[in-house]
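In the two complexes that follow, chain A is the common piece, with chain B as its partner first and chain C second.
And then the complex of A and B:
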């Protein structure tokens, strides 16, 4: 490594750490935002506001009301005697579901006759509606089991075990995906901005007359982002620990693969920098580029739910591979051999972009 | 206020915007790309879930159950395994999302009218897929060999979106997100760019007042933002066939208010940031992330802890989302959306007053 190269590296690192505002913002994304999102966002539909109209007013119907009141899935807000009153609550958005227990409910259960409860749902959010129905069926099934323990249960029954995350909580998935998202955003935006800023101010020319190759210039520009990206992982590890996410695999493997992932993010940032003329363009382009990368990664919505075309496109998103890596290392405790494919894919995404942008820079400069 | 000075600045700003084809193209293309991407990608209905099967029983009954899974569009059996170790391994390598083991004696138990357990192992690493997958697998097994009548049935009636189509919910929500994603960033960068390159000093030296400066700077971007939302609404109706239960003019009025909220936030950020990079990161944190994650767009607000419900109330996207969903899906009228609309107007005024005050401080 030449002296000029070391000098350049020093300049980049000083420049990076001098900008306190940016450092704070980057740390914010890695820590506060990750904590907020993990605490707040959950795919489990809980505390659905509910109104119950109990037209039976019997021991069993009160028992059912009690079960709904205690259920975590529902938040019993109103008990009305008239359906029309409950319906106005639904219309005003005060509740999302109404359960109507018909008269004669207890008698039917005692005499093992078939009976029907009515569940009225606000279908605006189809996901909440579907989940509420599923959860209400669960509460009802508990009541029926208790009241009629001898009802024959024949036929096939599913005995389900959940691996890696037995309670099926979203928090471990959320915190890991937020850290991956932060890495992606910083990894793309920062190198793009730092290169184009020099282009715009004209200081890039000075660097070009310095006795270093374009390749070395590249390295020096990439290094600070890689360093901060890897350092920022450590506070995140504390947060991950605070949310009781186990670390079943090896930390070294995780750091190495995080390096690969950052490299692919940085490659996208550099490519954007190669194309754009002004800082504004670079920032808007990276903003624009981040969207598909984030949305096709399976972090917010499952890849399985996408149409085939988008599923195929999602293979181009480095975030998708990194999610598999991060979940594999933390939750499943897998090693090198199982993450081989993902690592190669990350490299395969990074290298062409880096070569392409290096080519663009060389051509521009001659 | 001097109209001539505002118009002069307005013209300069418009010219700058038009001369930058990349920015202009992004301003038009990005909302559409987002709309199509989200319209198709945000879908909570999982199909073709990767399954691994291990039939230890190998009787006509167990093979019939396997055939049920194979025939269902929700599953894609990618592996038939012959020992549990291989199944575990596939699960660990994320090749399959769930494994099903039919134990020996399954067929015999069914013939004797006894409970016949089937073992299901689900990968909990992706909780959303796991939850849905469990429910689907449960349903297939519970309906085998024939649906069993429930003693107590749950009959449902669904209001507002009877087909439970998630697109009808996602698209009106997207109006709020898309508008929060781009216009604030565009506005912020336009102002901070002048700060960073130093041309803002010339503005300070000119007789332009800060209110005039704000108006001249904002109007072009407000116009771009309004065109964006018109375009997005149009595509929502024509392509995604969103139902319109309420009044369209009311939606336009609400959108116009929201347009000013978004550019107002851009203005506010620009009065806080000194560099374009900082401006962009702040915009990301105060507009895009909350409008996406803390607005009720995908994650319902009522499931959040109370303190974070308050945090989510700090950002305006949720208010507009309630208005647009209310008008389009529930057919709400003026009186019903007025509280949220007034909140938005108040919010916008506060943001503007604060931003103009910050700028005055700078000039003085």
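And then the complex of A and C:
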């Protein structure tokens, strides 16, 4: 390595460690923010406020009320005698669900007659509504099993078994996507900010008249971010562990693929820096570039749920492949053999982006 | 800023002079009610700036150094906006707008976005937006900053016309000619008033303190004379000009002292004093009378550590200097630089002057190999100029007016970084840093953060950083703007020493005072070289009187070239 290159790298490292704000920001993104977002953005439905109208007042109906009261999925807030009163709770948003037990419920169930329970749901959040319905069915099934063991079906019973995430919690998915997002943000913003700062201060001019090539400058601008991004994987492993997410696959494979993912991020950062004159512009452009990459990646909504056009576009988001890889490595414990198409896609996006950003960086500086 | 007491009468024009960091902007912001005094009182129109700043704001115009216009809005929209936020009545607006635009010569540009105006036009428009509500007090923070002499004169013509309406104005400036146009001048130094009075009275204090040293017969080497002068008692400052030395002294018998020490053919005459000389004459100013004598290149211990490569300045005399031949640069259809033939000899100081947009920066960028040359060519330090020639860059040192240093790194880290950039490392780098620090008089500990250093020290550091690799040619862009006079004189002294060792120096500047230090001047306009030669030669060719000042010289040359190009167009 040439003396100039060592000098450039050393300078970047000195500046990086002197910028307390950036240091704290990166640490924050990878740790506190990842934890906060995972907790806040959890899609698990728990403690849904519930009102029960028991019109039967029998042993079995009381047992059912008891079961709902004890369930983790629901939080029994009101027991009313009139449906209309319960409905006002629903209308005022005090409860999300109302269970109505009709008169004669016990009699019907004991005589094995067909009977109905009414569950009124606030459907404004469809995710909560659907999950509540599912959970209510579970509570009811337990009641029937305990109270009427002889009435059990004799037909075939489907036994579901969920793999990779047996508790069906969303937090393991969320924490992994938050860490991927942190990598993306730091990867884009750090090189962009460090290049634009030189433009603003006028030091870039000084570098341009020096006998160094644009390629050396480019390398010096992306190398620290790459190293930081790779090192940041380790503290984030601890966070992931704290959320009981196992690391089933190979760390080496994960690091290599993280490297390629970061390359695509820094390439985007350099592109942004090439087109902005001030730090303000660079930050605005970063968000402009980060949002589509994020939304199209499937981290926030599943790619399968998007319209066809967006699904096609999502193939351009490096984050999409990285998410598949991260989930594969962590939750499924699969190796290179099962991830090779995602990896190839990621590399096929990262390398051209890098070359493009180098080309534009070179042209815009002259 | 501490313990300032001063008063401005209605209708008075007060100039505020001082180096960057002396407190000029702080003082103006306090008068404008933007900054509150920590202790003491500040009253404008008899109103307290702390409690009644709103009322004051409506009656003043404040033109700051930085942001003044909306780039995306047109000239008209900028003006209309500033009128609206100041409640200018609609029936008066139109008349005022027309007279202001007329005064500023912007009548034909009303639809142009402010961002597309030249630097001079922007300043004039900015002034218009601050005059639209006819303020009683006008506060201007360095209106001439970054503006070429021609636009600067037009700006002052505008101010003079407005002044006839008995408007009070307070103007910060670093141009002495602007200060001379004020009724009263306040000199600030480190947040304190150093002097306060009419320009005439202030200059009177300098009578018998400023001298010019020349030679009647064969000129003596000025460096040797300068060394002798430095040892004289009471010497405050020596300005090293191409053909003479200008001395500021507080000794009453300077002439006798000097004649005793200097050769017989020395002529000591009283020189025209400048307001700034008061700064160097002030006893609190630290005087550096040690000589600028860098360890000579190519001998002693330094040489053994220094590779031949870095010391080749002396070895290969023919390779140095700058030559351009029919150099042209085009951006699309626009010819930014038009067939320039310019030679800068080895060891020569050349000032490249011209109005904003004349093509000076483009020419320098091309010579540095940063902009593609359309036609012709150039040779710098023996290297042919091209975008690809990496050896060319080793021949070039560049110091921009912003002193491109990394504020979050220490002085030592900055120097080490620049040394590395030019391929110097280890002992070689350390020797280069030691040499450059010695030459520039950089005495500050290398562990100090650059952000904590004063402007004058930063300037030395930037110069040291740009000469570490001993370039054949050094480009300076307004190198001494905003620096106190003593540090400025010292800077040019250092440049002279470097030139005497064979370094070629090219300076681009709007401060014609800076041009006075150079051996030759090159004037550019509309991409062409309209005149070049020594100051005396230019004065002769333009048929001006011998004591013509730099500004008149510049403006005359520009006016001649203008009329010449007009008649050319008609023919």
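The criterion applied here is as follows: the second predicted complex is superposed on the first by the 355 of 366 C-alpha atoms of A that agree within 3 Å, B and C clash if a C-alpha of one lies under 4 Å from a C-alpha of the other, contacts with A are read in each partner's own complex, and residues count from 1 in each chain.
In the analysis below, a contact is a pair of C-beta atoms (placed from the backbone, for glycine too) under 8 Å apart; a residue touches a chain by one contact, two chains touch by 3 or more.
Just so we're clear, the structure is a prediction, and the values are computed from it rather than from any experiment.
Contact comparison for chain A: of chain B and chain C, B touches the greater number of residues. When the two complexes are overlaid on their common chain A, residue A:212 makes contact with chain C while staying clear of chain B.
In the superposed pair of complexes, A:2 makes contact with chain C only, with no contact to chain B. Contacts of A:202 after superposition on the shared chain: chain C is touched, whereas chain B is not. When the two structures are aligned on the shared chain, A:90 is found in touch with chain B, with no touch to chain C. Judged by the touch definition given at the top, the superposed model places A:148 against chain B, while chain C stays out of reach. After overlaying the two complexes on the shared chain, residue contacts for A:14 are found with chain C alone; chain B is out of touch. Shared contact residues of chain A with chain B and chain C: 19.
Taken together, the chain B residues at the contact with chain A in this complex read 20, 22-23, 26, 30, 33-34, 37-38, 40-50, 65, 91-94, 97, 106, 110, 113-132, 134-135, 137-138, 141-142, 144-146, 148-149, 151-166, 168-169, 181, 185-186, 189-190, 193, 196-197, 273-278, 280-282, 284-285, 289, 293-294, 298-300, 302-305, 308, 311-312, 322, 325-326, 329-330. Against chain B, the residues of chain A that register as touching in their complex are 19, 21-22, 25-26, 28-29, 33, 36-37, 39-49, 75, 90-91, 93, 109, 112, 114-130, 133-134, 136-137, 140, 143-144, 148, 151-166, 168-170, 173, 185, 189-190, 193, 197, 200, 276-281, 283-285, 287-288, 291-292, 295-296, 298, 300-302, 304-307, 310, 324, 327-328, 331-332, 334, 338. The residues of chain C lying in touch with chain A in their complex are 368, 370-372, 387, 390-391, 393-394, 396, 398, 400, 402, 404-409, 413, 416-425, 466.
Those residues of chain A that touch chain C in the shared complex are 2-4, 6-8, 10-11, 14-15, 18-19, 201-203, 205-213, 366.
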